[in-house]
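What follows is chain A paired twice: with chain B in the first complex and chain C in the second.
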Partner chain A sequence: MQKKNTYPIYFALGALIIYTVLFVLPSIIGIGYSFTDWSSYSDELHFVGLKNFKTVLSADENYMKIIGNTLKFTLITTILKNLIGLILAVVMTKSIKFLNAHRGIMFMPNVLSTLIVGMIFKSILDPVHGLLNNMFRSVGLDMLAKKWLVSSELAFGSVMAVDIWRGVGYIMTILIAGILSISSDYYEASAIDGANGWQKFRYVTLPLLLPTIATTTVLNVIYGLKVFDMVYALTNGGPGKATTEVLYTAVFKRFGTGQYAVGTALSSVMFVIMLIIGGYMIHIMTKDEVVE
Partner chain B sequence: MKSKRVLAMILGAAMTVATLAGCGSSAAPAASSTSETKEAASSDEASASDEDVTITFMASQDWVQDAELELGEKFTEETGIKVDYQIIPSDQYENLLLTKLNTGECADIFCGQSSVFSIVSQFDVEKNALDLSGESWAGNVDEAAAYELSVDGKLYGQPIQDVSACWAVAYNRAIFDELGLSIPTNYAEFTAVCDAILAAGKTPIYECVSDTWHHTCWLEGAIAATKADASLPGKLNNNEATFAGNAQLTTLLTQLKEMADKGYWGDNYMSNAYSDTATSMASGEYVMTLYNQGLGTEINAVDPSFDIDNIGYFAIPFCDNQNLNVNPCGPSRFIYSGSKNADAAKKYLEFMASDESLAYMTENVGKFNQLPYKNAPSAYSDVVQDFYDRYPEKIAVFQASVKYFNPQWMEMGTNLSAMFLGEMTPDEVLQDIDKLRAEQAEAASDAAWN
Partner chain C sequence: MKIKKTLQNIITNILAWIFSAICLIPLLLILFNSMKDKKAAAEMNLHLPNLPIQLQNYMVVIEKGKLAQSFLNSLLYSTGSVILCVLLASLAAYVLSRNQSKLNKFLYMYLVMGIALPINYVALTKVLMALHLNNTRIGIILLYTAMQLPFMTFLIHGFVAKIPTELDEAAVIDGCGPTRLFFTIILPLLKPAIATAVVLTFLNTWNEFVSPLYFLNSSDMWPMTLSVYNFFGMYFKDWNLVCADILLTSLPVILVYLLGQKYIVAGMTTGAVKG
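Up next is the complex of A and B:
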């Protein structure tokens, strides 16, 4: 019999030190820099208090809109990716022909580089020469041919739609794994009790899938808050002033123009928002989860 | 048990040594090649070391012409040095370049839009670029261009483009003749020409907002403000004047918006791409576009039946302007100060500034008629010469004459597109230019702003 059933703490020290030095420390230093006038224009560094945060939260600037865009993007893509992913996962666990081929096709967009997907869709969504509008025109649906990526009204929706198209296959795959891990005993028992398809889904699949949905939600929220490449490739924050600008495209631009301190202040604000959302979400989604 | 521990220690030590040796391997040949150079090693040895060198070259998509890529292949054949061209979409280039410079990870050669102000405030060339004053070609650079690329008498860049070419309205001469139109000499005549073209079922102007930078080039028409008050650039640089409230600049933006609102740019100007200009003009669907001299050659390249001289030019007629806008320098090449391949990069610049290369570029790039080097040939066509002769007065663009203007080129492009979409007014765009200039000046501790 072993006297100790846990490993000593120094086994974890190596990983902890590396994690602290490479992740925790830079984050803390970054927050520290957001209270300075750090920029590429000067080598000198001065403490400026909350000036950068005042700029970020000022009504005269676009930053609040950018934070709002990021949250909107996160909320909508998370809900729709989960919803569509769940529907697809349920369908893709039924006995249908060429099941693996269907699953493969649905997962395929996720294998492609985001930048490539962005460039392909930039071409597909071109108002005049794009595949989508030409398809609408060819079947007489001219009124549906819109300026998808270059009008203030539609650009953000178009970006989110492309992102959902790309990401839904990944979510579907995780949910399929979740559904397949549910014991068939539950379905047999519910069938004996006379449950129909919807009732089986509502009272067996959904509750037992909740931990998996919690996982996909966390993944989607983290992705949504950190989204960069899809927006960068499709609109680069445009058209016009910050129509589709999200946090990381804005931070990238601030670093590009040498305004490091404002960039880090923006990141710090988003870090706090992420912390609150993440903590709250995990608390809510794990308190009622069903344990087999 | 003990022997296992000893074995493990020996293996561990061997791994550590191997890892350290791996880290040092790249430094060793570099050190030896330096000593070889010092000892004037034979050319065979030098070329053998060059064969392993690949220089990285970073530029915006329209700054590296096909002819330069061909010369790059020739350069590799002659020297063994490979060139990795990293061509970045123009709407993303500036952010990426400055991010790379600011994080110390730039390519061996980087390109940048240059002026005596922006090379300091934007690129900080004294820190980020190598002094090229001692290079064999440095004395050949045109004096006006060299001035824009120098700090304290040291030359930091090498011009890429023909700077005699300016942004002007290029027009299809055959369609003008067909519709009985003549070159406009003021804004009213310009709108009349556009209306006539619209009435004929064609789109007057090919404009491409998606690239973010091209529609901003209409602001070269700001020379009208300099024409009205020659002291304006100086006042702007001394923080004694602002963009907002300036009559000519307000008119310029109002007229620019009117172009978009009246449908003179067609329906797809927000999505159009600069790279499609020649194809679009060749189709005959569009009649005019804002371009450098040499568009005829580029259209001819995509449609050989299109006569090169069928494209003529006239000055940007906003604010009734009748003068040529000139930029003494334009995009230029710089060698990154942190480059590990600085010698190879210098060889590339030397190769590009040779008599043969300059002649090749002039011959093969339509818009290059007179590169800014004393050893470059001249190749103006009659149409282009006629255009230059028609406007004897030349005025320097704001890009070159006004501080903190060029660094915000892409922001201005974004604001202008917001103006076209109705999100901003011309006054707000001008106020934003003042605000961004003040921010840059403050960060740079400019005495005029503090």
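Up next is the complex of A and C:
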């Protein structure tokens, strides 16, 4: 049987062409445009060398803060989603009544549009009428009723908290699948050796779950670096000067003001970073499949 | 020992209820307030709506928020990209899995890399303008297809590997051509993977709003997510209406989730867990 004839390559062409033209091509020509003065103000295009990258990396602009914010967001949400997700996964693999209903509910925030989650939490975190502050006041904890999204000290933490609320169910679901795939032989053997609950977790569950945790970490990092929806819906980069601004909201603002060259330079910086992280991700995601 | 076990059981059950409540309360808040009048909804609390339930909120929102139009837009974008993306992803996954030549392995990696890569929206305008796809419905459908092809190809690729190649060989000996082989023999066997891909593509497309934000200037082409956000900007004092709009926009997603939960969880954990 001729593989070339039975499995003709033109079957894959549709996918390859659409993906190349609308996904890869913009990133490649985007790198080219980063070296020009492309903007909405002028039809002419001039080569300006590294000027846009100098702007992005210069100290007197806000971009270093924006890049810092993006990294901070990625780091903190990745750690907390993994940690809380792990606790949830361990609890949700114990004998619990209505187990599937609980799991289903915890996953639910993930299927809602981030834009809608943002709008819901804008109401809940409202300083005067919001559900959260009213709850604190009704139990006498008035000092905990804060200006969650409008004060510059708290806004970034609030955005991250809402993002964790939305994303943790997904991480939990993956980790549950990971825990369930651990053979019960290990637990029986450790029980014979007299291991208690904590020891079983520490010496059986955790080490065998590490590959799964590596995957959730990569997924969270990819998501965190690309985050846009949540920040856009909750604070749109504010309050004040770039308090919660991340890379993708900055790109959108440059797009809105017609500073295309800076926008595409920022996107290109992202592209190179994600190419490296993505390469690693593809490696761990496909290595078992090839063996099959 | 037994008391300790029971105690542990009670604690884990209570924990489960607390976590579920934290996830559910914001959604109940929307449900309750969408049925209140303007004054009661302004307080945004969890009290049950007073009778009579204000069902006319939904009517008002459908009319003022132009929900019929945006619902049809969302439906068009979702169905369009589901059909295109799932069909093209299955075709690509099939040949790239069956014939693992050096070139095909590279093409697969190249395609799947898109799961991680970011889109350069700014430069994308240039490409869309050159193709005359800027500010068009077909442009948005093609864009959603491009964005989701990498993951869907990855998802289906794993499934194709599990179908025995003896089937193909038998069919080829019987004189079956490549197109018929794929559509009459392979595709029916891929049903579980296809179902997962359909559900996930639908959800992703329904919830997405970044591409329309960049590329659709005219509001009569907006999907539901974008028009609910716009509505929120105009009527932010009428929380009853905003909640009704949020609820109607999320309803299709929640229905699909409840019906297709099995497929969603299967798809979202694919490749993440090594048994």
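Here, the second predicted complex is superposed on the first by the 246 of 292 C-alpha atoms of A that agree within 3 Å, B and C clash if a C-alpha of one lies under 4 Å from a C-alpha of the other, contacts with A are read in each partner's own complex, and residues count from 1 in each chain.
Following the convention adopted for this analysis, a residue touches a chain if its C-beta (ideal position, glycine included) is under 8 Å from a C-beta of that chain, and two chains touch if they have at least 3 such contacts.
Since the structure is predicted, the reported quantities are computational estimates derived from the model, not experimental observations.
> Name the contact category of A:Leu71: first (chain B only), second (chain C only), both, or neither.
In the superposition, A:Leu71 touches no partner, neither chain B nor chain C.
> Between chain B and chain C, point out the one touching more chain A residues.
Looking at chain B versus chain C, the one contacting more residues of chain A is C.
> Figure out whether A:Ile105 sits in contact with chain B (first) or chain C (second), or with both, or with neither.
Only chain C; A:Ile105 stays clear of chain B.
> Would you check which partner chain A:Ala161 touches, where first means chain B only, second means chain C only, and both and neither mean what they say?
After superposing on A, A:Ala161 lies clear of both chain B and chain C.
> According to the stated criteria, A:Ser95 is in contact with first (chain B), second (chain C), both, or neither; which is it?
In the superposition, A:Ser95 touches chain C alone.
> Just to be sure I read the superposition right, which of the two partners does A:Gly14 touch: chain B = first, chain C = second, or both, or neither?
So A:Gly14 only meets chain C here.
> Under the stated touch criterion, which partner chain does A:Ala145 make contact with: chain B (first), chain C (second), both, or neither?
It touches nothing on chain B or chain C.
> State whether A:Phe255 touches chain B only (first), chain C only (second), both chains, or neither.
In the superposition, A:Phe255 contacts both chain B and chain C.
> Kindly classify A:Pro127 by the partners it touches after superposition: chain B alone (first), chain C alone (second), both, or neither?
first
> For A:Val48, is the partner it touches chain B (first), chain C (second), both, or none of the two (neither)?
In the superposed model, A:Val48 contacts neither chain B nor chain C.
> Which chain A residues contact chain B in one complex and chain C in the other?
126, 252, 255, 260
> Where on chain A is chain C touching in the complex?
Residues in contact with chain C: 1, 3-9, 11-12, 14-16, 18-19, 21-27, 29-30, 33, 88, 91-92, 94-97, 99, 101-102, 104-109, 111-117, 119-121, 123-124, 126, 129-131, 134, 165, 169-170, 173-174, 177-178, 181, 211-212, 215-216, 219, 222, 225-226, 228-229, 233, 248, 251-252, 254-255, 260, 263-264, 267-268, 270-271, 274-275, 277-279, 281-282, 285-286, 288-289, 292.
> Across the complex, what residues on chain B touch chain A?
Touching chain A: residues 91-92, 94-99, 101-103, 121, 124, 209-210, 212, 267-268, 270-271, 407, 411, 414-415, 417-418, 420-421, 423-424, 439-440, 443-445 of chain B.
> Touching chain A in the complex: which residues of chain C?
So the residues of chain C in touch with chain A come to 8-9, 12-13, 15-17, 19-20, 22-27, 29-30, 42-46, 87-89, 91-92, 94-96, 98-99, 101, 104, 107-109, 111-128, 131, 142-143, 145-147, 149-150, 153-154, 157-158, 161-162, 168-169, 172, 178, 181-182, 203, 206-210, 213-214, 225-226, 228-229, 232, 239, 242, 246, 249-250, 253-254, 256-257, 261, 264-265, 268-269, 271-275.
> What residues on chain A touch chain B, complex-wise?
For chain A paired with chain B, touching residues are 37, 39-42, 126-128, 147, 149-152, 232, 236-241, 252-253, 255-260.
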